[in-house]
Structure formats: structure tokens, C-alpha cells
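The following block contains the structure, expressed as C-alpha cells.
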Amino acid sequence: MKAEQRQGIEEHRSLGERLQATRALTLALAEPLSDADATIQPNIDASPAKWHLAHTTWFLETFVLRDHVPGYGPVDERWAFLFNSYYEGEGARLERGRRGMITRPSLDEVRGWRARVDEAVQESLPTLGAEALTLIELGIHHEQQHQELFLTDILSTFAANPLEPAYAALPLRERVAAAPMAWLPGRDGVVEIGTDGRGFAFDCEGPRHRALLHPHALASRCVSNGEWQEFIADGGYDKAGLWLSEGWDWVSREGIRGPLYWNKDGSHFTLAGRRERDPAAPVAHVSYYEADAFARWAGARLPTEAEWEDRARLADAAGGHQLDRAGAVLPAAGGDWFGDVWNWTGSAYLSYPGFRPAEGTVGEYNGKFMSGQMVLKGASCATPRGHSRASYRNFFPPAARWQFTGVRLARDV
Amino acid sequence: MKAEQRQGIEEHRSLGERLQATRALTLALAEPLSDADATIQPNIDASPAKWHLAHTTWFLETFVLRDHVPGYGPVDERWAFLFNSYYEGEGARLERGRRGMITRPSLDEVRGWRARVDEAVQESLPTLGAEALTLIELGIHHEQQHQELFLTDILSTFAANPLEPAYAALPLRERVAAAPMAWLPGRDGVVEIGTDGRGFAFDCEGPRHRALLHPHALASRCVSNGEWQEFIADGGYDKAGLWLSEGWDWVSREGIRGPLYWNKDGSHFTLAGRRERDPAAPVAHVSYYEADAFARWAGARLPTEAEWEDRARLADAAGGHQLDRAGAVLPAAGGDWFGDVWNWTGSAYLSYPGFRPAEGTVGEYNGKFMSGQMVLKGASCATPRGHSRASYRNFFPPAARWQFTGVRLARDV
Amino acid sequence: MKAEQRQGIEEHRSLGERLQATRALTLALAEPLSDADATIQPNIDASPAKWHLAHTTWFLETFVLRDHVPGYGPVDERWAFLFNSYYEGEGARLERGRRGMITRPSLDEVRGWRARVDEAVQESLPTLGAEALTLIELGIHHEQQHQELFLTDILSTFAANPLEPAYAALPLRERVAAAPMAWLPGRDGVVEIGTDGRGFAFDCEGPRHRALLHPHALASRCVSNGEWQEFIADGGYDKAGLWLSEGWDWVSREGIRGPLYWNKDGSHFTLAGRRERDPAAPVAHVSYYEADAFARWAGARLPTEAEWEDRARLADAAGGHQLDRAGAVLPAAGGDWFGDVWNWTGSAYLSYPGFRPAEGTVGEYNGKFMSGQMVLKGASCATPRGHSRASYRNFFPPAARWQFTGVRLARDV
Amino acid sequence: MKAEQRQGIEEHRSLGERLQATRALTLALAEPLSDADATIQPNIDASPAKWHLAHTTWFLETFVLRDHVPGYGPVDERWAFLFNSYYEGEGARLERGRRGMITRPSLDEVRGWRARVDEAVQESLPTLGAEALTLIELGIHHEQQHQELFLTDILSTFAANPLEPAYAALPLRERVAAAPMAWLPGRDGVVEIGTDGRGFAFDCEGPRHRALLHPHALASRCVSNGEWQEFIADGGYDKAGLWLSEGWDWVSREGIRGPLYWNKDGSHFTLAGRRERDPAAPVAHVSYYEADAFARWAGARLPTEAEWEDRARLADAAGGHQLDRAGAVLPAAGGDWFGDVWNWTGSAYLSYPGFRPAEGTVGEYNGKFMSGQMVLKGASCATPRGHSRASYRNFFPPAARWQFTGVRLARDV
């Protein structure tokens, strides 16, 4: 056996192990849920937990097993209609707002499907070519994204129940004070951003390209719950002049008075149920409109994507408060550039110069969403550790706030 | 012990037994359901199965135990908010369209609640006064109504799943041919309708009063699937002239092409899954608009409530195809005045002369719904046998069709 | 010339004169309006003034001239699409909510069209057969209905302008005190209602038929603004128990706190602009839901259609405060059974026993609206005198209140 | 008199003359309109012509006369509520969708208001300070923007009438063939964009700043109607893969099959009524979504704002087919960088580095709209000549297409 072959096998093994670990984490996340918990859809943005379990399985069954393993037959060919998310190339699919109607297959049946597909993928691993292995790699990262959505959607699910049930106990973590906020000067001039091609990256993170930074500084930490409380106390939600016009319409129409899940009594709803807010912890569950208004109130602005990325390449993308194991999570003080809350940027999610989507149906993964969304950088307490990196481009519409989304300020210097 | 006392005890026992039987049937109806099946809400009209189980229990816990059993404390006082349906007198409650968000309490917890409440009611029976006993009687009939809704809502629930799961197997019943349709002459002149005060009746069924019938005849049986198919084949859904203006708007806006649950291939979706339609069976799941249009197409009209009731007093209200035990049900040929499908009448659901709602919060039961609805008479295959009677006034808005609603024609003579 | 012929000519002349007078009144009603006033549509219920002028002209041009006058060509054949209201038999037409988009033809062009059509009808009168003459008679009554709508829609139009312009000055009429409210006993037993065939009546007013009245009394006058103010002061709009369920939903959803056009300062908006309310005048612009809630609050109920009609046959249908000439109108105290405000009844608008719609497209006039509406009896201050009669059946959906709609109470005795 | 003073007077005179000319053009644009034409609002995006006439007058009366001319009293102080567009700092205002309800004041009254305000401004000119003069300058450019909106909104108004009236005759202009499309190489590296401070510019056009261009080429002319027809013929509107996800949802939901105002018979609706399309003329009335999909289909992309601006500084911003006098306009072949149609760019409308909104209420002019919109560059056939410049930033939401919006392609090289 040649060294090259051996290395190939090693890589397969490593890939298989990583796949297995990822798949296991998803299952563990579902552990506290009843069949009903896992089935309902609390709103059009969030998907049922069972749907996440099934969709990630459909992804592997379709793009790896169906397309690359001769003779593989789907466990139930009708399920593709239920669990395709948005791939037009894969044909008709269930309307997004009807995902909560799927009581059958049950949570247990979906677990069974997962097991069958996992087994088939692991068995086929030694025989798969480069394209299929690339798709498994994509499948791992895809599933990690759904792990984060799993947690935010379960938070949304339990928040829809007036009884405010807890998903899980929150691991004890000593509260620490918020560090003083300092301004870190950034580089200016032409820098390079985007994926450097080492390690996995989504298509939208490339190509690596030059970007021009203007003189600026970035905040040393995220805006805290306590600071947000000051913004509210100062009438932040009542002063039209602080808001983008669309943001003001949204605030007025929806009657927004504070971050999502905040109560007037100083508590907020979390994955561990209703809890007192920690003033030192980073504020979470704010929209882009709110982030932008806060920054204006604070005499600052949001960072651009390139400013954020250029600075964060110095930080440890696998550090900070991120998801290590199944359980409830909550942003806490004392974090770093990655973890706790995603940072809204002032950059629209658009294509990089020279961007080309991936080939085939998986090319629908990122590029087609490049309108109406803003970029978020970093990671949150619900991001599986190892998933993010400086070049990572998360994106959501400006009114979205059911994710762990927060604010890091910037300013011109 | 005096005879009078004894009789009182006998009545209590009998009431207790009937309550027990009713409660047991509801539980049996839930037997085939998973926790998830019982939790979701397929549309704003239908309620989750678990909600029916809980709401009927809340009814007893509130109006009987809380109000009449000193010292009784609710199993969980937060549940009233979840399971009050529409009683303004009982305070704030969950928005109707959010009933499918309640994954906790679980189906099993609700079963536990039922057991606790049932036990408490049975224990307290010997000590209860007339008012409380009347409320238990009301509770039985209330729960029977929810048994019918349970089945129609579960049909709606499973119909929302593209996989078309079956709720239960359909008991074998030999198909029979539709009898020839004959015209039965009705009485005319002044007759009496409404409850005669013997036996239970809802407040809206009274007071008994005189009504004037004009010369007319009623069809000997309901319109069949086969006859409805002819209506479709003749362009019934395309001819504006056959329809009420509101009905035509509804047909156009919703793209209605046939009864709910009908497929173009001659099948329809039933509690037993997708089945071939029986041409001889009464058509079901049609709206008032459709019933009215069909009657016009057939050169006939819908009966008035008084015409229907005056004739049906000759029939056995406990006969025909009604619900005897838990399981799937489906209208079939060969029935009678009661059973298979409710008959739309041409009468609006309004108060009878001299009508007074019941005292107290249960007075919200019927009277406040007297606008925007049409009366239906008879019973359906999902009506618990013993629940209906000639004076019974079922009512739904003219576009509703998720109930087992059908058509019996009338004409002037 | 035979007497019979002469009489025929006389009738034609009389018909022609009445048509001319009706057409002239419509024009006079439009006198105070600018081109813009006459063009806009303030909401989906109301139509532009110009549209009323044009639609009534289209009615005559289509059903009389086109169908009965050989060689007549429409002034502009594209206008049928614009000004057909709801006649499916006449083909496609402008969506109802887009009637305010028709700036061309201008108000003057429509006036020109009216003149042309009027001339052609008058010229053709001597040659027309019975069917055409019947259609002209229908056209007169049709136009009278639109005269009332013209005024209520213009009120709605000016109310939509924050400047609250006045349509016209209100003729001085001395304010009188409200008469004391007395209960007039009605007949009971079998009576006859519906058109007796003498004089014009719409198809829905027949056939004349027997109806059964239960013992009752009717209020001697309508509910006044002052009495309505007491209802408000007593929390009438805050007590769910007074309302039909649909009514309560409507009140809550729309934030209803009083009759349409009422201001909190004791004034209301009228065709003469903002005016102080007269406590003695009949309340107007209330919905069926409000009328029903008021009656319940007052310990009374609304009359049935038959009760009202049986009593009102004793009154002068051409008396009271009705429309005699162009100008602003407003309900006032001192009226009678006909005039000031239409009286909501507790009867749904459904067909009479033996009802058959008129033949042809004009058969769409009434019958197809027999769902979702309640009957109103009498006439209002905006009804052209001579238009109404005891058998008249006006009808509107229960939430409508832009008409001059008020309340006369009834009670069981 | 010192030279400096003289120059000041000269500048005032010049400003006054320019103001007068601008105000006169607006009036001339309204010349063909009836009172009704000028009053209705065809949809939520477009405003009535009269509203444009009044709003621009309110702008001058408020920000110049009220704030800078002692003793000036508004012609009617209630009109501010009607004609304030979106300035939160100026208090409550009429809901945007109700602008078509204002039949009073009439078109003539608004003309009278204009005359009064114009007179007062001209009279006060010699006494005004720098701030007021700056506001007049802003008022001129503001009114020019509304001149363009006037024309596009009138096009929308007449398009809402099924009769398709013409606003005005289209001046004869010989049709020319479309020039061949060539790729013009752009500069790359760091360039400067944004206003250079010479001449008027809106706040959002600055500050001037460095931008980084990547190697690219720009199309020598805009995409033509003929080329768009090829896109349609090739199934452009049926291929999900060509579209952004939001764009595909929009196309599907709205049933979009071609540019706004296009008919299937080769014609389109224009300010001169229905006309045959010129295949050589630039396509207009396409959304960003359509522009982006077309570019993808063509193997190209949209230019960035910086690419476009850097190239267009070489062109004559006052050249091409722009608005010179009142009348109907239509894009034509043979134009240049400025004129015919605005060019959608691939750049979101966001703030430039160091951007600060203008002081005071007029600071609401641009900055608060910096979300949810894309930048368009250049000018259209409806842009008053002299209004645009290379640094000009027009912006609209991605689905907007009632403006003269078209496509110029770019590509990486």
C-alpha cells in the first residue's frame, strides 16, 4: 500500500469519525424532547426539531447515498418531499409553513432513519470518490448549522408555550463582571479577506480577495444586557431619529420594546426557562434594526464585515463560549471574538468579487440568498465548536432575532 | 332512607355511570394517537386532540369541582389559560390559533389529569346538589360534542400530512346500493318545534314554540356521492348562476372543485386513509354554499329547520349510522334521518321566540354564536349515539366543511 | 284610438316622467362635487359618486337600450367593463376595489353619457314592449337605491379626508325633543307579509305568504343618540356578555368605541361637516352587532322582519324624514316608521317560501345575496321618498355601518 | 457695493431663477391632468400628482419660509398633516396609503398655494442667510426628484385604468438601431468615489472616499427590449436556477412573466398610451431581481456602484435622453451613460465611510433609508436634465419596477 493510499484511508477514517460525532451530537440535542416537542413549528422562521433531524439525514441520503452509492434505495422515497428545505433542483417540496404538520414519521422513526443512513454512509466510506467525500464534508458542516438552528428553534418552540417549559438545565457557570469596553484600533488600507483555501469553507466565503479598510476601531467586547437596559431607559425604542426608516416601521408595527424573550421584570426566557438577566452578559436576540439604532445612540456604528474579519483572524475561532455538548446554552460575560452571540455587521450579504456558486444542486446552498440579508460574523453559544472561522459569513434578514444575535460596536478614527 | 332519597341516589349513580362511559369513550378515541398526533393544530377551525381531552376536563374541573366541591384545588391552575375555549366569564385564554403550541403538558399528563378529575367528580357525586348535577349532565353532552369534533379534527390533522396516514382501520361494512330518492310530503300549517322539556336539551333548543310550515316535501334520503359527481360533471362548480354571491366568491377565491377530501381519481381521504369513494354513500364535507348550489342545480332547495324537525320527530334519533365505539367512521348508504351526515338547512341559526340563555358562564354556550351560522339537523357517523334528537340545533358558518356535513333536499309542493 | 291604448300611452308618459325625475335627482346630488370628489373610492364598501352615475346609466343602456332598442349602439362599449357592478351574466368586470382608479371618463363625460342614454330611452319609450317597460321601472327603483348609496358613500368619502369637508349645508330644521318611548303591542298569530302585488316590488319581497307572529311589542320610536350615550357610559362596549361572539371579536379587533363618525367631544361627522350631536335624534351608523348588544343591554331584543312589517303596514311609507331633494341629510327626532334610519331586524336575509328570482340577468339582483346578511326595514333620511314600503327588504352584513342604520327595539309580551 | 455683495446678489438671483424654472416645470407637467387624474393614488408606492405638487410646496413653506422668514404664516396650517411625506421630526402625518383620499384642497387650490409660496420665497430671497439658501438649493433638487416621480406615478395611475388613457403625445423621435454591445474595460485598484464637494450633492453621496475596484469590464450600453425578449423566449422566468431565492418567490407569488407594462402582443403601456415596443430601446421597468437574473442568464453580473461611478465620471451627466420639458417620455436607443433608464447595481444602499446625515429634520432625507434597498446609478428619460451626476445614488427596494429602471451588464476580467 502506498503512502498516498494510506493517507487517503486515514482521511476517510477521520472524516467518518467526524461525521459520526456530528450525527451523535444532533441526537443528543434531541434527547430532552418529547415526540410532540420535536414536531410542532412555532413560527414560519423556525423548523421543528424532528424536521432538523430528518432534513440533515435527507441531505446525506440524497447527495451522498443516492448520487454516489450504486444500489442504495431510500428508506422511504416519499420523505424527500417532506424534508427537502429549499433545493429547487430536487423538485417539489412541502411548503415551509407546513413543517409542523408532520406527526408521522414519528421522532423514533426519524431516529431509525438516521441510524440506517449513518450505517450506509459509514459502510460506503472506503469506496467513495473525492466528490462524494466532499459532499460528506459539506454534510458535516451543514448539520452543524442545523444544530445551532435546532437550539434556537427549540427556544422558540418552548417560548410559544405560556407555561414556559425548560428545555434543559443550564450548566452552572460562575457569573463574571463585564470587562470594561475598550476601542481596539484596526488596520486600514488594502487587506485580504475571504477563505484562504486551507480547511473547509462554504462557497460564499471565497474567493479570497483584497478589501479596503478605512481607519477605524472595534469594541473589545460585545454590548451587554446592562448597556442595553440603559438604551431602553433612555427611550431608545421611542426616538424615531435613532432608527432606520424600515426599523422604525417594524418597531411601531410590532410593538417592539426590547430584545426578544425579555420580560419587564428583569428576567428573560432561556433554554433553561425563565431566568434573571445577567447585566454583564452580552445582549442577545436583537435584530439588525435594533443593533443599528443602539450603535447610533452610542455614537458609534456597526463594523463592516471586512473590519471584523481582519481583526478576528488574530483570535481563536475555536475559543470562547461555543457549543461543546448537548444542553442548554446562554451567552455569558467574559467571552471573546467567537462565541456567545453573532455580531451584526453593517455589510449586506452580497457576493464577493469573482464568486462562483458550487456546482450542482448544492450550489443552491448560499448564493441564491444574496439579497435582503445582512452579514453576521463570529459564532454564538449555540455554534458547535469548530464550525466557525474568521471568514465565515452568517446572514439573516434585518428583522430576524430568534438567533443568538448581538452587537459589537465600531467607529471611525 | 326514603324512597325519594333512594331515587336521588339512583339518579346519581346513573349519571355517574354515564359520565364514566362518556369519559372512557374519549380516551378510547385517543388510543391510536401519538403524543405528536394529539398535539398539532392543522388549521384555525380544528383543535388538537389533546386539547379536546384537556378542555372537556377543564370544563368539569371548573364548573363542577371548583364551583361546587369545597376544598377542591385544580391540578394545575395555569392550565385554565390553556384549555378554556371561549368563556369570556372565565378570563383570559390562549388565542385559538395557538392551540397547537402546547407540547406540555404531554398527552400522558393530560390523561393523568383526566383520571384525577374523574375520580374527584365520582367521589363528590353523592354530595352534589341539583345545580352541580345539571352541570355534570351538561358536561356529558359537552364532551359528546367534542368527541365528534375529535374525529373531524383528527381527520383534518392527518389530511394535513402529505403521507396521508390512517387514523384507524375502517370496520368492514358491506356496501349497499343507494335507495331511490323519493319525495315525502311534509305537514303544513302551524306545528310545534323545539325541545319539549323531556330529557336533556341545550338552551338554544327552546323554548318549544309554534312554527308555520308551508306546503313542502322532503327527500327520503341524502344526496349521494354519485349524484354529486353528476353535479361536478355538469359544470356545477363553473356556473356562477347556481351560486350565492358569497359562495361564488368563495369557490373562486379558494379554487374549490369538489367536496373537501375528494381526489380527482375517484378516491377521497378518510379516517382510514385514502379510499375509493362509494357512489351510493351520502356525500359529506360540503359547505352550505355547495349544498345550496347543488339544490338549485337539482331544481330543489334546502329544507327549513322546522320542516326537517317536524318530519324527523317520527324517526329514531338513536338509529342510523352513528358512533358506537372508538374507531374510524365513514358515511354509508342505507341510513336514516339521523346519522351519516348532518343536513344543512336553509335556516340561519338565530334565537327561538322567547329564548333565554342559561344562567352563569355556561350561558355563553350557545346564544352568543347566533350570527353568521346556518343550522344543521340530524347527526353524523361521528355523533355519539344518544347525543342527538329532532330538536337538536347544530350550527356552522356557511363555508365550513371539515365536519361530516351533507345535503337532504326539499321542495315546495 | 282605443281607451286601452290611451291608457298604455299614459302609463308610458308617466313612466317616462318618473324616470326623468329620478335621473334629474341623481344629477342634482352630484352638483356639489368636484371631478376628484366624484372619482375616489374611500373603501371597499363604498363606490365613487361618478361610478354611481355611470353604473345606473349602464343599467339602462344595457338592459333597456341594448336588449330592446334595435340599432342602438353603446356610447363606448369599453365602459361596460368599468360600470357593471356584479352581474356575472354580463361578463368580466372591474374588480370592486379598483373603482376609484377610473379618472377617465371624467365626471363631465359621464354626465354626457347620461344625457345620451336618457334621450335614447325617452325617444324609444313609445315603441317599447312590456318587458322593456318593466326594466325601466326596475331601472328607476335601482337608481333610487343608488341615490341613497350615493349619499352614504359621499359621506364616507369626505370622512376619509382629515380636513373633514362638508358636502353641502344642512337645511335648517328645528330640533325637537325625543318623544317618550312607548311599547306598542303587535298582533300575534298568523299574518300575511310580503308584497301584495299592487305597485312595484323587488322579486325578493314576494311571494306574499303567511307568517306566524308570537306575542310581542314594538318600540314607538327609534333609539336616540342620548340613549346610546348612556349605553356607552355604562360600559356597553366593554362588556363581552352583551355581545354576540362575532360582534365581540369585531369590537375588539377594530377597536370600536361608538357609532361610526362619532367623536369623543359630543360631535359627529355629517354630510354638513362636523356637527354637535342631537341627543334626541335617532342614533345612526351602528352595526347589527351594536344594535343587538344595545337591545340586550336594554333588556329587549330586535324585532323580526315580520313583526316590523305587520305593524308598519299601518304607517305611511311615504311619510317621515326621507329624501325629497338634493342636499345634506341627517336623522332627526320626531320621525315615524319610515325615514331617518333603517331599522336592523333580528331576521337573516333569506328567501321567502316559494321565492323565484326574476328571469334573466336581472335575476341576479337580489336572490344571490341571500347569505351572510341581516334584513333592515323602513327607510332613512337618504332614501328617496316613494322608494320604500312595508314589504321592502333592505339587507347588509352585520358589521356594516356606513349606511344610515339604527335601532328600534322589540320585546316579548 | 462691494464685489462680494454683488456676487452674493447674483447668486441669489441665479438661485431664484433656477427655483422658478423648476417650479414652472412641475406645473407644466401637471398641465394635461384633470383634477381627478391628479388626485387618485394607484398603489402604495406611487403618490398622486397633486400630492407631489403640494408636498414640494410644503417643503419650501416649512423649511424655508416658516423657519427662516419671520412673520410668514402658512396658507393653511392643516395642510402640513396632509403633505408631509416621512419627516418624523415634523410630527404626525397622513398614512402613506391614504394619499389618494385628498380631493380637497383641489388641484386649483394647490396651484394657488404654489403661487403664494413661490411669491413669498422670491420676495424673501434677498434677505435670506446661507442656511436658508442651502435649503432652497435642496428644495430645487428635491422638487426635481419629485418631477421624475410625478411622471412614473402618472404612468402608474393611467396604467390602473383599463381604458389605458394617454398622458400626452410622445414627441416624434426617429427610431435608431441598437449599437452593438461592447465590453469596456474599467480601472482597477484604489480609486476615489463620492461627491468631490464641487456643486450640489445630497448628503449620502459623501464623503468622498477611496474604493477598491477589482478587474472588470462594463457593457457599452444597456440591455435592450429585444435582448429581454430573448431572455423570456429562453424561459428566463421559468428557471429557478437563474434567480435569487427572494426573486424566485416574488416571481412565483406575483405571477411575473415580463417587465411591468409589457403586453404579450409586443406592445407596452407608456405615457403616450399603448405602443409597439422598440426592440432596440433599453428595457425599462424591471426589478433588481429581474436585472440580476438576466445578468446570470447572460453569463455576466451587475456592476458595483463604484465600478459604475468610476467609469461614468468620463461621461456627460447632462447628456443623453433626459427630461428637458414637460411631456411624455420613453427610453430610446442611442443613449449614453446618463438617461433613458436608471442602472441597477449589485451594491446595497448603505452609508459611505464617515457618512454623517445633514443636520436638522432634513437629515431624514437619505440616511434613514439605508436598509433593504439597492443602488441605481445614472439617470432616466424622466430625470430633469442637470439633476444627476456620477456620484448620484438613487435607491429602491429590489422588487420595485414602476420607475424607469434598466440594466447595464458588467463582468470580471
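Should a chain be cited, it is by its letter among A, B, C and D, assigned in written order, with residues numbered from 1 in that chain.
Going forward, contacts are C-beta pairs under 8 Å (C-beta built on N, C-alpha and C of every residue); 3 or more make two chains touch, one makes a residue touch a chain.
Since the model is a prediction, treat every value here as computed from it, not as a measurement.
**Q** Which neighbours do chain B and chain C have in common?
**A** The common neighbours do not exist; no chain touches both.
**Q** Based on mean C-alpha positions, I'd like to know which chain lies farthest from chain A.
**A** C
**Q** Just the number, please: Cα centre separation of chain B and chain D in whole Å.
**A** Each chain reduced to its C-alpha mean, chain B and chain D end up 60 Å apart.
**Q** Hey, how far is the Cα centre of chain A from the one of chain B, in Å?
**A** 47
**Q** Rounded to the nearest whole Å, what is the centre-to-centre distance of chain A and chain D, using the mean of the C-alpha atoms as each centre?
**A** Comparing mean C-alpha positions, chain D is 39 Å from chain A.
**Q** Where in chain D do residues touch at least two different other chains?
**A** Expected reply: no residues.
**Q** So, with touch as defined above, which chain pairs make the list?
**A** The set of touching chain pairs is A-B, A-D, B-C, C-D.
**Q** Can you check the complex and tell me which residues of chain A touch chain D?
**A** So the residues of chain A in touch with chain D come to 86, 88-89, 190, 209-212, 214, 240-241, 243-248, 288-289, 292, 301, 346-348, 350-351, 353-354, 364, 368-372, 398, 412.
**Q** Can you list the chain C residues touching chain D in their complex?
**A** It comes out as residues 34-40, 42, 78, 81-82, 94, 98, 100-107, 157, 160-163, 165.
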